[in-house]
Each structure stands twice: as C-alpha cells, then as structure tokens.
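Here come two complexes built around subunit A, the first alongside subunit B, the second alongside subunit C.
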Partner chain A sequence: MASALKTYGTLIGFVLVVLFFWIEIPDTFMTAKNWLNISQQVSMLAVVAFTMTIVMVMGDFDLSVGSMASLAGIVAALAFRDGHGVWVGVALALAVGLVGGLLNGALVAYVGILPFVATLGTLTVYSGLAFLVSGGKTIFGRDIPTAFSGFARSGISLTDTVSLPSLTIVAALVLLVVWFTLEQTTFGRRLYAIGGNKEAARLAGIRVRRLRFLAFGLSGLGAATAGLMYASRVASANPTQGSGLMLDAIAAVFLGMTMSEEGEPHVLATLVGVLILGVLGNGLTQMSIDSYVREVLIGSIIVLAVASSSLGKTKG
Partner chain B sequence: MTATLRMRLPAAALFLSAVFATGAAMAAGKIAVITPYLAQPGTQFYVEAFQAAAKDKAWDVNVIDTKGDVAAVISRLEDAATQKVDAVVINVDPAQVEAGLAAVKDAGIPVVGMDAGASPYLVTNVTSNGYAMAADTAAYVANRIEGKGNVVMFVFDAFPPVQVRGVIADAVFGNNPDIKVLDRVTPDVSDGGIADSRAKMEAILAANPDKGSISAVWAAWDQPALGALQAIEAAGRQDEGIVITGIDANPQAREAIAAGGNFEASMAQDFHGIGAAAAEAVAQTLSGKPPKSSVTYVPTKLITIDNVKE
Partner chain C sequence: MEGRRCRPPNWVLTMSLLSIQDLEKSFAGARALGGASLEVRAGEVHALMGENGAGKSTLIKVLAGVVKPDAGSIAIDGASVTIGSPADSLRLGLRFIHQELSVVPHLSVAENIFLGRDYPRRWGVMIDWDGLNRRAAAVLAGLGVNHIPPGRKMARLSVGDQMLVKIASAFQDASIDGGAPARLYVMDEPTAALSAEESQRLFAVIRRLRAAGAGIIYVSHRLDEVMELADRLTVLRDGATVATRDIAGLQKLEVIELMIGRRFAEGYPPRLAPVSSDVALSVEGLSTAYLQDVTFEVRKGEILGLAGLEGAGQSEVIRAIVGADGGHDGAVSLAGRPVKIEEPVSAWAKGLAFLPRERRQEGLVSSASIAGNVSLPHLDDLVRFGLVLDRAAEAEQAVDLGRKVKLKSKGPRQKVRELSGGNQQKVVFARAIAGSPDVLLLDEPTRGVDVGARYDIHALLRELTAEGKAVVLASSDLPELVYMADRIIVFRDGKVATTVSTEGLDQAGLAALCFGTPTAPSA
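What follows is the complex of A and B.
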C-alpha cells in the first residue's frame, strides 16, 4: 500500500487536482472540448519536455531548448519572407535544431563541458543568433503563409463542435516516438544505463560519448519542432518567444521523475508532469485566480511533489 | 510516514483552493484582461485605470499576465471562452492571437482592445489618435514658424501607425503656401532611430549652411527628433531658432523639452484615459449598446515647456 502510494503519489495528486477543478467548475472543466483545449495548449511544452526527457535520462540537462525554439521559429519565418515554401522553411528550422542540438552534444560528450555550462553558453548563442538574423523584430502578417499559421488552427473534426487539434496530434506522435526510442530500443536502454552509472556503462562497452552526442541532437530537434508549433500558433516569429519553455519543460520532467521508484525520468511520467502544469493553468484561469498567485501555486506544487518524493526516499 | 508525505501535495492543493475559492464572489460582470506586456509602464497604467473603473461597476476582473508569452495569450483566451466570462479585454496585437480570438467569438463573448490594433474580432480598439497627434505637432510647427520657411520631415511609412502621422503632417504643411518641405527622411531604425536620424540631419545641415535655411524639424516620433537635436547642437546651430517636434513624449524627449532648447514639443498619450475608456466600452457592450466605431480614440496632449513638468 505504502509502496503503491510512493509510486503513484504524484498521479493521485494529479487526479485530485482534476477532481477539484471538476467540482469547482462543474459546467466547463470536465468536457471533451476543454480537455482538447488543454492538450493543444500544452502541446509545445509537451514536445520540449518529451525530448528533454531523453537527455535527462542520462542525468544531463539542455538549457538551450527555449532559445532554440525561438531561433527555429525565426529561421522558418525568414525563409517564408524570402518566398520559400512552407516545407522549405520547416525543413530549414528542423535542420538548425538538429545541428544546434548536436553542437550541444559535441560540447558535452567530446569536449567534456558540463551540460549545465555548455547549454547555458549555447542558450545565449542561439538567443543572440535569433536576434541577429531577425534584426530583433517580430516577423508577422503577410510574411507568414496561411498554410503555416492555419496548421495550428486546424484539426480532425470529432463532432460538430469538437475537433482534435493538429498540434495535439504532433505532440502525440512525438510522445510515441520518444516512448518507443527510450523504452523499446537498445539505444534507449543504453541511455538509461548511462544515467545509472556512466563509468559502468562505458566499461560495459557502451559508446557513452556517441550516445550523449546523439541524445542532445534529439533534444535540439524537439526544441525546433516546438518552436515551429509556437510560430504557427501565434502566426508570427519573435526572437524571444520560446524562452518560457525551458524551465517549464525541466519542471515537467522533474514532476514525472517523482513517479518513478528509482527517480528516473520516463516519458509517460513526463506527460503527467506536463498535464499537471497545463491543467493548473487552465483550471486556475477558469476560476479567475490572479496570474501571479497562479505562478506561486504552480511553483509550490512542483516543490511539494519533488520534496515529498525525496523525503519519502530518505525515510523509506 | 511515506504515505502521509505523499498525500501532502493534494492536501495542500485542496487547502489553497479553499482559500482562493472564497475570493471568486458573485459580481455584476466577469471580465478577463489578458496581456503579455504587464511589465511595461504604459500597460500598467491602462490596467490600473481599467481596474479602478471596474471597481465602481462592481465587476470581477481577472488580470492575466502571460509575461511576454504570446502563445499563452491564445491559451488564456481559450480558457476565458470555456469559462464563459462576460467580456475580454486584450492588450496585444490581435493578428498574433487570432486563434484565441476565434474561440472567444465562437463562445459569443465580446472582446475590447486596449491599444491592441484594429481587428474584425474586436468590438472596438481603444487607443490614441495618430491623426490628431500628427495634426497637433504639425500645426504647432506651422504656427511657430509663422507659416513660412523650410521644414525637414522624419517619417516612417513602412509602419502603418506612423505612416498616418506623415500623411497628416504633409496636409498641414501643404496647406501653408510659404512652407516648403526641404526633405522627407526615412531613417534607418535598426539602431533605435536616433543615431541614423542624427547622421541624416547632419548631412541636411551641411547641404543648407545658411542661417535660417532650415526653420523646423517635424518628426513622426521622438527618436528622430532627438537625433536631429543632437545634429543641430553638434553643428553649433542651436541658436538659429530651428523648431523641433516629436510624438510620444518619452522620458528622453521630455527632458529635452524641459531643457528649453530647440526640441519644443511632443505629444503625450493618456494611458489612464485609455484604460478608463476601455472599461466604458466594456460597460456599453454589456448593456447591449456597443460602441459604433471599431476604433475609440482617447484624446492626447501637447507637451511643451509649459506643462512638461506636470
């Protein structure tokens, strides 16, 4: 019983938060439409958090994801402005994400800089590049093709009034890919081995450097994907627009980690973390609770969840 | 022990919710004010004035600051639509949040813009009148130089809100047969606008070396006016009586006006007035008589050395 609570405490907490909003906002919270809304609202954060899970599995961090998301949006928007098609812009942005991520990987795995320091450095570099290539301006209006901005507003109709948003579908696909990669492939299991003990993993014949290099590449790719989703949703690109994603993504992974016996990140647990953040944002807004109080609440809940988990471990 | 600790999170959530739930009292109207820019002084003034007006009307106002995150504005607009608030007020470019505005419109909730930009999704956008601001400063220039002399204009036609100012100033100067527009300069604004305006003005001063050959500089916003002032002072021609005007009355411009030099006038927007007028527009909309015009103008004020300290 105690062990079940230990593993499912955060999940139970999530369910209680949901129940609470259901009782407080009976008419509008627990509706298909609202949940599809929430899924769309968290989709960008979810993609960053899912791919962040890949590096956090190895005990690493990627602080540059927010800047990379901004940069990717800017790159795509500039390509659109120069008259390139939607797919060219999207491909360029994803390529920038992959290269930027691999650069992080090279700094961490081959140069041997601590991930915190390496990605703090590239955070600034990517942010600077986003300002540099955009001239600090927001790119919007006619420069953004409607085929691109329309994507975030499109979806698959489920009923007359409810549709499954395209952004939600993208996030679900990324979830599936990351889950398969981490849980069902040798590559993924080796990343967990590295997270368990780098030295032991290396002695066991795992090519630690190469795997860390690649994992950061995936994180960069995920950040660029989220940046494109963001740019599509706001039909514009601004050199700072992704900056809020990084801390929320790390918070979501941490929330998810409290659900694991070993304190390991798992992408399905990260999904719960993302949903906790999204549901709080949605529910508290519907209850007209002040936005700064909301910040304090969300932060406190993260600390409470992680604290109760670590206290549980030391005592249990 | 573990179990108790594990249960703290939900218990805390329930406790906090009990505290906040009592705050959501019944009110005459539930209004969501959504902006990513609450950290900016202008926005703070709008919102404070809006809240003051809302208090008189016993509205339940929820101010949501997404801290620069424009996508979060869309999310919060969707939440407001789900929540079925009575009205929404936004202070963000409507073109960037159309997805959210569409959701609010589908829910049948009116949206009022508070210096937001024009959009078919808005009942009305409450803002300052760019036409009037340009007319006031251009007329000030024309009157100060007594309807004759050479005027240098600084314009920026690529940005619609500034472009309209130039059009009006053209009309005012064109209506004075003895005023000649010497040059209509579009400065490079990538460095903020002051430095390039200064360089352009230096070139114009060099091309027109005689005293009295330039009577005034009319700028469509403050930065070029400040650049022109620097150029005139650097050229040692500050005593020729060249009149400079700007628009926006930013702190640097106010300082220059207070110093009593060539920079004589600028236009101040009434941020409190915009907030109060937005509240009035919401009130009219809720009472079933929405404002007729898609734009609601709030009067602006000419700032000169006489009132710059107010």
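What follows is the complex of A and C.
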C-alpha cells in the first residue's frame, strides 16, 4: 500500500482531480474543446518545465526562467517596433535566452556558485534588463506584427469547431526534443549520471562542468521560447509577464519527480505535473473559484505528493 | 575454539576504569568483532593497534554508542554498563577526539569550549565576554596550553590547535554543570593531520590528562608515536584481541608481528605469464601538494604495488596521474609517449583506467543500472548517428564484461544499489576494463569486499596482466600486495621511501618498511 502510494500517488491524485471536475462541471469539462484549451493554457508553462527538467536532472535549479521569459518577449517586441521582421525578432529573443542561460551555466559550472544563488542573481538582472530596455512600459498594439500575434491564434482544424492550437504543437515539439535528448542520447545519460553522483561521474571521465554549462543554456533557450509564446498569445510584451512561470515550472518537475522510484526527474513525468497544475487552473476557473484558492491547493498538493513519495524512506 | 586466540589476563577489576570483555559484532554476516577485549586503567595511555579492518573502528563505535554489540560486556569502574546511544556514552564520561572534528568554525575558541552550556552573564541577559574568555583561558592553561587566544575565531586555528580546544572543551565540562566528568578520552588517529610540533603539543596535553587521572585510548598507525606516548598497548586482529602488553621493554617488530600474525599464501591465484620488458607507464618527478618527486615505471604485464601507511601518498599518486585533483608537476608517459592529463576524461581517453578508492562516493552512480555504470567513460563508443545511445550495445557490453568479472546480477538493467559490496566493486572493475585500457590504476580494489569476490578480482588481475596490461595497485592490505604484486613501492610522507621486489618478501618485512622501522629486514 505504502509503496503503491509512493510511486502512483501523484498519478492517482491527477486522476482524482480530473474525476472531481468531470463530476462538478459535467457539461464542459470533459470535452475535446476544453482539453485542447487546457493544452494551450499550459503550453508556456510546459515548455519552461520541460527545459527546467534538463537542469534538474543534474540536481540543479534555474530560478531565472521567469524573468528570462519576460526579457525575451520584450526583446522581440522591441525588434518589431524597430521595424524588423518576425523572424529577426524571434531569433534575437532566442539568442538572448541562450546567452542568458549560458551565463547561468558559466556562473554555476566554471565560477562555482550554487545554482540557487547564481540564478537568483540573474533572475534580478534579467528582470531589471527587461524593465530597462522597455522603459517599464508594455509594448502592444500596432508595434506587434499580426504575423506574430496571429501564430498563437492559429492551429490545425480538427473538426468544424475545434482545432489543435499552434502553441500546443510547439510545446509538444519541445517535449519530443527534450525527451529524446534526455532519454535517448549520451548527453542525457551523462546528465543523469551527474545528478546521481557528480564525483563518480567526473572520475569516470564525464566533463561535468561543460555539461552543466550547456544544460543551463538549454534552460535559457526554453525560457525564451516560452516568453515568445506568451507575447504572441497576448499580442504584447511587458517586463513582468513571465514572472509566474518559474515557481510553477519547478513545482511541475517536483510533482513529476515523485513518480520516479529514484526521485529522478523525467520529462514525461514533468508533463503529468504540468497537466495537474493546468487542470486545476482550468477547472477552478470554470467553477468561478478564486485564483488564490488555486494557489493554496497547488501548494498543498505539492507538499502532499512529496510527502507521500517519501513514505518509508525515512525509516531505518 | 581453545587456543584459537589468546586473551588478556583478567586484570584486577578494581584497578580498571574501563573493562571490555569478549565483544562480538557482525554486519550482514561479516564479522567485525569476535572476542575483542580491552582494559584501560585510570591514569594510563592505552594504545589500540591493528591493521585496517582489524576491528578498531567498530570497537570505538561501540564505546561511542553508535554500534550495538551482539555479545560481550562493558564495565566502568567495575560496574556493568550498557551504552545504547551517544548520550549514554557522554553520561558515562567518555569523550571522543577524531581527525574530523566537530567544531563551529565561525565562533570563538571560548565559545567552542563552552558550547551548549550557560555563558557567564552581565545583568542577567548580556553575555559577559571578558568573563567567558577568562574562563576559557583558565581551562586551556589547566592543560598547559597558553598559545591560543580564547577570543580568536576557531576557523583561524590550525587543525592541531582546534584539536586542543576540543580536548579542552571535553576536559572542562564536568566542572560547570555537574554532569559526569570526562574519565576516558578516545583519540582516533589524532595526529594524522598534525605537524611534528603540533603532535608534541598534543602529547603534552595528553600527559596532563593522564596525570589528572584520566584514561586515554589512543589509536594510531604510527608506531613511533605509540612507543613514545603509551603505557600499554592492546592489539586487535580479525576482530579479536591477540595481546595486551606493557610498552616498556617491547620491540617494534614484536608489535608488527602481533598485528599481522602469520598468514599463508593460499587463496591467491598464481602468476600466469612473465612480465614484459616494455614500459607501459612511466612517471617522472611527479609532485603535488601531497607528493614530492615521485618517479617510477610499470611494465606491460606487471603489477606494481603501492604501499605505505594511510595517507602516505599511495592514493595521491594514482589520483595525480589521472588528473582527479587537477594539475601536477612532473612528466607522465604512456608506452614512451609523453601525455598531459589534467582531467579524468583525458586519462580514460588515453587508455588509462581508474578505480577510485571510495566505491560509493567516487565509483558508482547508485541510482543507475549496471549497464549505465559500466558504460559511463565509454559512452562515445556506444553511439549511433552521432548522438543516440545504442542501448542494446550498452547492455551487451555490460553482460559480456559482467561475465568476465564474474558479476552476479539479475541482468544489465539491475540497479547497482541492489548489489552486494563485492558485486558493486565488480561493476566498477567492468567499467575499468571496458575500454580495453593499457594501464589500470587501482586504489584499494578489494576493500570491503567478501572473500569470494576478492579472489575473483585477484584472478582477473592475473588474466589482465597475462594479456599484457600494466596494473598499479595501491592497497593497505599487505598480504594482497606481497602475493599479487611483482614489485612494491613504499611511500612515506608523500615520497618514495623504497622500492622492493616481492620475491622473498613477507608481510612482516613489508610492514616494517611501511612503518619505517630501522631494524627491518631488507628485501
């Protein structure tokens, strides 16, 4: 019983949450349209959480992803305002994300600062930069090309009424890439070895520093991607719009980690964590329940999930 | 059973401060203690000697209340006691001084001495710092220590001075809050990290403690120290007490013989092939913070043993060669070609395999599978399309090598943490030989390994050398070195003390060389 709860507790919790909303909101919750809607709502969080999984596999954190998402959105919007095309803006934003992520990686891997402290510092720096370059103002309206904002509204029609949102497709692609990288490549295997035992990995000939450096780069790239998705979805960019992403992303990875026997993050488990957060948000909104209640619930669920997965671990 | 081991005579109980009789303790079937007895009198320094694995640490852990014995009795002042926890141990007046001290580095010397007790106050609330420092200075002076300012931060003290502060803390505690006074100090290798001068200061303090009527159990590998400081010594071998002797009139060689006993060459596989004349690895003038000008050569098909007391440099040589601790001075050549190795990754790439000393901390990723651990240094050879891990090939490699090292497992995907110590070590061995290296650098490869696995590992070493591989074997297991190695380098204080052939060498001879005993038979 205890061991079943340990491994499947989070999954059972997810099913219970889904069942609860299905019963409470019988007409609209369990519909294809609503699920596609959820998938779009969580797509940005999903991208951040998936790439966050890469650094958390090594036992590290990236706290700067939220402000990096904001900064990337601002950078793209500023490029649009200066008359650059969609692809120029997108490329610039992604480049900023990659460079910012690699900076985190350099601080952690080569300077030797704890990831918590290093990325707390860059969180503030990236946030400050976002305010600085935007003048603290939201960039919106005609500055944002319709080709960019239209992307988040587009999708592949499935039937007359429902379509698969483009943002969902982006998140699915990122999921595929991260899954492939972590689970199928030697790069991923080395990251898991670092997370399992850094010293043993180093002595067995793994370039621990280089890999940590690169992994943080990927996390920054994911954050910038999410920032672009967000900016496209709201057709605007402001220096705080990514700030909620970081805590939710770490929470999603943690929820996923409770599903692994070893307490290791896996990106498919992270997906379950993301869906739990997404379904809760969606269901509670439909039931017109205060969003603060959602926060209380999510916090409680994380604590419960981690507590149930630690059952029996403290004995002996 | 009779005559299997000799017991110390039954001392008059009224004289003894601590009396341990026939302690027994097994861990998961492996016997750590079986008939360990020890008697310490008030006002004596009693040395506890024995090889690694003889049971000294377990005995100390029993006294500290960390390990519960399976059988046997402990008496203090002739009254039988049970030490069920570290708190019990403290209450009974036992104090422990280890190499790794638990000090609070950011607090002052005085605060460390009075940690956890009431500080003197002013007006009931403010700490009376002057009063505290005065008291601390008085405690230190009581031990003859006058060179440590009580207000100085602990972190700024040398290890030796920190140890003196720690002893002072243990020494004074009785006078303050009426707890059990410190009666018995257990010092485990206290001088391991101390300079000669610091050691002398420590000895002066120990003599003061002895004069004050305390008992001191003194564990050390350094025979000279023991001969200088101790009044009596007790020798443990294979978990049992073999002798208790007065130091006066005792010869060093006698102690060594007591420690290692007489063992047989049986249980070691024979050499399969002669050593080649081609040099596989040569090291010239290797120097680091721990090593000074180490030079040697290993030939193909040769096992070169590295011997010495704990921390004499055997381990450090291996770590320096593979770049485990960063750069070093000196030259390393493989088969005559100079190589530059600053990180373990380049060591593996150049055909050097490394088996680290601490299996769990440095060797294994315990959350990963057998295959995942074996493949770690060789992942680049297991890649399809440039980046995809070929899992089938990885598993196949683990199965093949598992067979070669006689690994017992449920399959290549079993987690290594489910394996026994011996089988875990075989996984690390499988990793080492996976890339078909030219040279194997092995640091304590059979430590904590059961007899069967140990034989398998030795047999494997014979096979590997017959294939022409060179092996560097650092070990604290003297019989292993004597029977497995072709030549042995003995280290002392980070330097090569001597190099000997194992032909005609016995354990006592090797031990004497390690201890640096001048009367050693030359081999």
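Here, the second predicted complex is superposed on the first by the 308 of 316 C-alpha atoms of A that agree within 3 Å, B and C clash if a C-alpha of one lies under 4 Å from a C-alpha of the other, contacts with A are read in each partner's own complex, and residues count from 1 in each chain.
Here is the rule we use: contacts are C-beta pairs under 8 Å (C-beta built on N, C-alpha and C of every residue); 3 or more make two chains touch, one makes a residue touch a chain.
Please read all numbers here as calculations on a predicted model, not as lab measurements.
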Subunit C versus subunit B on the shared subunit A, clash or fit after superposition: fit
Partner chain(s) touched by A:Phe140 [first = subunit B, second = subunit C, both, neither]: first
Contacts of A:Leu203 with subunit B and subunit C, given as first, second, both or neither: second
Partner chain(s) touched by A:Lys33 [first = subunit B, second = subunit C, both, neither]: first
Subunit B versus subunit C as contact partner of A:Leu211, first or second or both or neither: neither
Subunit B or subunit C, by number of subunit A residues touched: B
Partner chain in contact with A:Arg189 - subunit B first, subunit C second, else both or neither: second
Which superposed partner A:Asn238 touches (first subunit B, second subunit C, both, neither): first
Subunit B versus subunit C as contact partner of A:Glu262, first or second or both or neither: second
First (subunit B), second (subunit C), both or neither touched by A:Ala46: neither
For subunit A as apex, the angle formed with subunit B and subunit C - C-alpha centres, to the nearest 10 degrees: 130
Subunit B versus subunit C as contact partner of A:Gln286, first or second or both or neither: first
Subunit B versus subunit C - smallest C-alpha distance in the overlay, whole Å: 20
Overlapping contact positions on subunit A, where the subunit C interface meets the subunit B interface: none
Complex contacts: residues of subunit A adjacent to subunit B: 1-2, 5-6, 9-10, 12-13, 16-17, 20, 24-25, 28-29, 31, 33-34, 37, 40-41, 44, 135-136, 138, 140-141, 152-153, 230, 233-236, 238, 240-241, 243-244, 281-282, 285-293, 297, 300-301, 304-305, 308-309, 311-312, 315-316
Subunit C contact footprint on subunit A (complex, rising order): 184-190, 192-193, 195-197, 199-207, 262, 264
Subunit A-facing residues of subunit C, complex: 322, 324, 343-345, 347-349, 354, 356, 361-368, 372, 375-377, 379-380, 382-383, 387-389, 415, 431
Contact footprint of subunit A on subunit B as seen in their complex: 1-3, 5-10, 12-14, 16-17, 20-21, 23-24, 30, 32, 60, 62-72, 74-76, 78-80, 82-85, 93, 95-99, 102-103, 190
